[in-house]
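A, B, C and D are the chain letters, set down in written order, and residue numbers restart from 1 in every chain.
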Amino acid sequence: MQSNVSPEHIERVIAEITRMGCTPHLSAGRFKTIIGAVGEEANLDQSHLASLDGVENVVPVMKPYKLASRDFSPDDSIVSVGGGLTRKILIGGAHAAVISGPCAVENEEMLRRIAVLVKDAGATILRGGAFKPRTSPYSFQGHGEDALRWMRSCGDDLAMPICTEVMDTRQVELIERYTDMFQIGARNMQNFDLLREVGKTRKPVLLKRGLAATVKDWLLSAEYILSMGNRGVILCERGIKTFEDSIRYSLDITSISVAQHLSHLPIIVDPSHCAGVRQHVPSVALAGIAAGAHGVIIEVHYRPSEAQCDGPQAMLPESFAELILKLRQIGDVVGKSFGDTQQPASTAAGGKSGLWGATVE
Amino acid sequence: MQSNVSPEHIERVIAEITRMGCTPHLSAGRFKTIIGAVGEEANLDQSHLASLDGVENVVPVMKPYKLASRDFSPDDSIVSVGGGLTRKILIGGAHAAVISGPCAVENEEMLRRIAVLVKDAGATILRGGAFKPRTSPYSFQGHGEDALRWMRSCGDDLAMPICTEVMDTRQVELIERYTDMFQIGARNMQNFDLLREVGKTRKPVLLKRGLAATVKDWLLSAEYILSMGNRGVILCERGIKTFEDSIRYSLDITSISVAQHLSHLPIIVDPSHCAGVRQHVPSVALAGIAAGAHGVIIEVHYRPSEAQCDGPQAMLPESFAELILKLRQIGDVVGKSFGDTQQPASTAAGGKSGLWGATVE
Amino acid sequence: MQSNVSPEHIERVIAEITRMGCTPHLSAGRFKTIIGAVGEEANLDQSHLASLDGVENVVPVMKPYKLASRDFSPDDSIVSVGGGLTRKILIGGAHAAVISGPCAVENEEMLRRIAVLVKDAGATILRGGAFKPRTSPYSFQGHGEDALRWMRSCGDDLAMPICTEVMDTRQVELIERYTDMFQIGARNMQNFDLLREVGKTRKPVLLKRGLAATVKDWLLSAEYILSMGNRGVILCERGIKTFEDSIRYSLDITSISVAQHLSHLPIIVDPSHCAGVRQHVPSVALAGIAAGAHGVIIEVHYRPSEAQCDGPQAMLPESFAELILKLRQIGDVVGKSFGDTQQPASTAAGGKSGLWGATVE
Amino acid sequence: MQSNVSPEHIERVIAEITRMGCTPHLSAGRFKTIIGAVGEEANLDQSHLASLDGVENVVPVMKPYKLASRDFSPDDSIVSVGGGLTRKILIGGAHAAVISGPCAVENEEMLRRIAVLVKDAGATILRGGAFKPRTSPYSFQGHGEDALRWMRSCGDDLAMPICTEVMDTRQVELIERYTDMFQIGARNMQNFDLLREVGKTRKPVLLKRGLAATVKDWLLSAEYILSMGNRGVILCERGIKTFEDSIRYSLDITSISVAQHLSHLPIIVDPSHCAGVRQHVPSVALAGIAAGAHGVIIEVHYRPSEAQCDGPQAMLPESFAELILKLRQIGDVVGKSFGDTQQPASTAAGGKSGLWGATVE
């Protein structure tokens, strides 16, 4: 309460807390009066309390997310990606994954060529953009369903689960038919309708952190997906906006430890989009695994200067292969294994119809 | 180019610029070699150039937006909002507007009551939320089409154009049937599919600035709308994230002058969402008009402590009326008129079927 | 306390609060236990409490500054600058001032020429840099004591109080002999030794806000000065770092209202350093006064392209004079007077020896 | 140049560039005219050019720092800390160090106890605060020269070089007599007088990055020290301000790679001040070494709940010892050795008089 609060104002606040079904606790000090409210947070209208006369500040002491919280599930969640014709890749706990591929899927041939290269280097999940979010309306916007078809076919042939970005609620149904994992981009982290739509599916969701979002904002967005029944959420730290102008974004390495204290969800890092240029990718990737992340997502191209999108940040296949060796060595130091994959189920039992859905162990 | 660049690398860059249909200009100095490229920007693949060996940095000297640029249209754009059964309100140039109403439309009665109050105080456009973006999935999400119907009926009865937020591409068609102006929220400023969908309509769009977006990012988002043929874009500065923790967001007052140097589009300020609490709203609103903005959007409630959403930031009707008097006085000093409205066309000729579309004068 | 806290941990916290001479208040809820501590904040070691087992978070509810707080002095402070051979200029409450002059004092002739121009336009305090903080060691660093001497002589001749920046504890004594008001730059806002040294003098201090400081940080820095007995602190909002890259800094207009709610100290705005280029200066200056600031500090030069420092942001004398007319008109709307100055005391009674010290009314 | 630039304006710019002793290069395109200036940067007044009529933007393509730049010294600098009665510790290139100790030196006994613990765990340099920068004037400010004396005596007895913070130009001479390495805190990174004073000494300087500084700002501050002849600068990344509110600061892990591309100077990380609580320290420390840093600085206390300053962030001795084992293992993966120290020279030849000065190999 404010310093000069009157007894009437205090009584009003106490009455309102009681009316909301919570229990008020009064601490009247010499300088300040504090009123605690204990009960169901959902019942408690903080805006209302804040707007009452004499109230200086309302401080929530409960976290606003529930299903995403470490309190809700003390053990690390392990999300399984793929199945059917592909391996099942585990992400979370002691399991780490390398997700790799081109930025945009430009044509089927380049996709296959890159997919083979990254698989040989040690990547376990194939990424590639079919629909591209671009800040300029005049930039290349992606090949849409054609690219999805190429991704699916390539993933099945190599037994690699695939991951691709969804940008619009109207695309969810289409992309769900092809992909093993949705990716939600940083700029859509608070596109709440989109979060709800992927929450209705049962495919895992790689949820990138918004460029200026806090870890709490991010977990609230995860909560949107979880609250619709989809428990396969994987966080992806991809760098935040800072004042540093020598690099595109600054990867928030502290978010790895923070997110794991607040939440049970797996978390991976995206050094490519944060760095913007390939020379900084290895340093950031190694740091991510050392900090405790459950994997990396890295763009690779055999001829980056011809890439239609984000060429400067794509790693060359050889240096990517060297990096993975070091990532595995650091994984050994901090207790993360990159090798725990399961063989695909018999192709007979597979098919594209849904067996590679998300399961949380 | 890098300091130690070889002649082969320089030749390669010159060849690539030529291949793209542009003209290279070489400046070879003692310490640095700079290669200019003059021609159609759309032909020039900056990512490609940046990824060539020996290139240190690619600096664009043309603005990436065209239709939104002051170069494209040296005179201020004036956007007309409403028509049909409502007045037509002009925003831009010397014309300023006061947009006001409740945060969320809670029921028809409260809406009408607030609409009458804000109209009497001097507001010219009615705002109200039918679909609400909420960071938490457990918060009130709005009354949807019912709220739209109440808004339309209330606006028509008071001859006030209405404005409401659209959050999802699937809502565009529905909302277009009811509203006089779309609002795109800060969190959707880079929801590119949504920008394109409202760009296909002919209703004006109030485009809020993203919480961490630069003015250039914002103008690129405006460009998405403009490039689809909808020229009725009004920018809305609503505060950006900063380290200041005593207020919800910091209104970037410098963006008013910056946006007007870079672009011909009208710009208004939203002091309510930036302030978060009503005590800071008047100071920020007055500053916005003094800085040259074309209007304000302010939330008002006759009993804020009962509002379902953002009660603490809603102004009380009396202080709102006092504020408008001062806004008009400051408008007189800086050459902005709040009074230039046009009477609605004869009700006979009107109807809800589309006459209140966007026209840019 | 943490969710799974044990009774032993709770007892330990209660015991520690008691040991510190404060009174503990226990609120044990179904989900969370909260322990309030009421008493002298200075006795309460928050770090210690935060490090005890079972403690999740320590939330201070008292403000950490006292003398700078609105609670300490409910009325606006009014600071008097100058005296002796100059007028006494009041800043605070309903009194606003225009502080103007060149960025750096380059020589006596240019200083006099600019001083006469800004005085004729309506400025009441003369500013000029004798020691310049420069991010690069290779930039011009100022003329030191020569510049101080020129400033003092010019101020006395025009009866204008003068203001100049102090950067180092070793300069305080020297500058105190010449100036009527110290300026502390943004980069020194948390140079605590320097704050203490100017706090020991009795000349007013213009305290610029740090580039990434919160209003609370700023008031804590003011507290350093106030706690040494110098009550003449004037806050100066000069823009903060944001992601906006079309302007040097973003003036935080919301800080005007926020600072005046939290503190009784006067506050002025510096549109020149925030804008970096003169074209944005008028918009920001007008906004500052409309928002409730007690004045502006603006750089002026008759030939900016020849200035040794920050030429692009210096206004030309004619547009500066036009701006002041509008500032006065806006002052009339919001209740700020730019004209309340006192005539200098008889020159016989004056002299340079210290009569123009700071007094707070 | 601006789009509508006149030939006269272009000629004026060309004439001015020539007058400054540089060579102009004109690129006149269909849409834009670009004028390059090649020559000595020190001769070129960018502010002046920016303020000429018709100039849209001045883009520097040379780096503003020289001695700190990788161009100046392509090989990594290796700084030697200590000597005389202590070991000489190398930092830079393949040499990494662990700097540790209490936050503030509270008394001689606690200092010795912690020093022995951290040395046994593997730390090679002893840190401790004698003068403390505190945001509040009411907080504990350090024991001054007594603390320096205890540090020196303790370092000599354990053969560990010592490091302590300097906050004010007036303290430089005193601290130089005792310490083996100066520390410049984040809030003083742009206290240019202080940088110059430590630049005049020959003791190495640990230069912390400012809370909102870019890597370029930081290197410019290093340039201040280097330009006075002191080549022993070690950068220290200690976290920057971001919007994340679950941790005190966000360590900018990308700055490790960025700084090493731009500069030859060694760089270490400070996970304690960034994390603010000990639970996040190990994750951030491991990430720093994996990213390529040349060491860590970590606060340790045997009984953190009794520390006078920053107790919550101090690690316990046992977990600190475990962390060092992992840091060494990660060092092995990325090519950093923590073991390369040199035995102290014979005590006879030593003495406190200056033999432990900074040498750069």
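In this section, contacts are C-beta pairs under 8 Å (C-beta built on N, C-alpha and C of every residue); 3 or more make two chains touch, one makes a residue touch a chain.
Note that the structure is a prediction, hence the values are computed from the model and not measured.
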item	value
Most distant chain from chain A, judged by the mean position of its C-alpha atoms	C
Pair exhibiting more inter-chain C-beta contacts, A-D or A-B	A-D
Centroid spacing, where centroids are CA-atom means, of chain A and chain D in whole angstrom	33
Inter-centroid spacing, chain B versus chain A (mean Cα positions, whole Å)	29
Sequence positions of chain A contacting 2 or more other chains	212, 241, 243
Residues of chain C touching chain D in the complex	42, 47-48, 50-52, 64-65, 133-138, 167-170, 187-188, 190-194, 196, 211-212, 217, 220-221, 223-224, 227, 241, 277, 304-307, 309-312
Residues of chain C defined as touching chain B within the complex	212-216, 239-240, 242-247, 249-258, 261-262, 274-275, 279-280, 283-284, 286-292, 326, 329-330, 333-334
Chain B partner contacts - residues on chain D that touch it in the complex	3, 23, 25, 27-32, 34, 36, 38-39, 56-57, 59, 61-62, 71, 241, 243
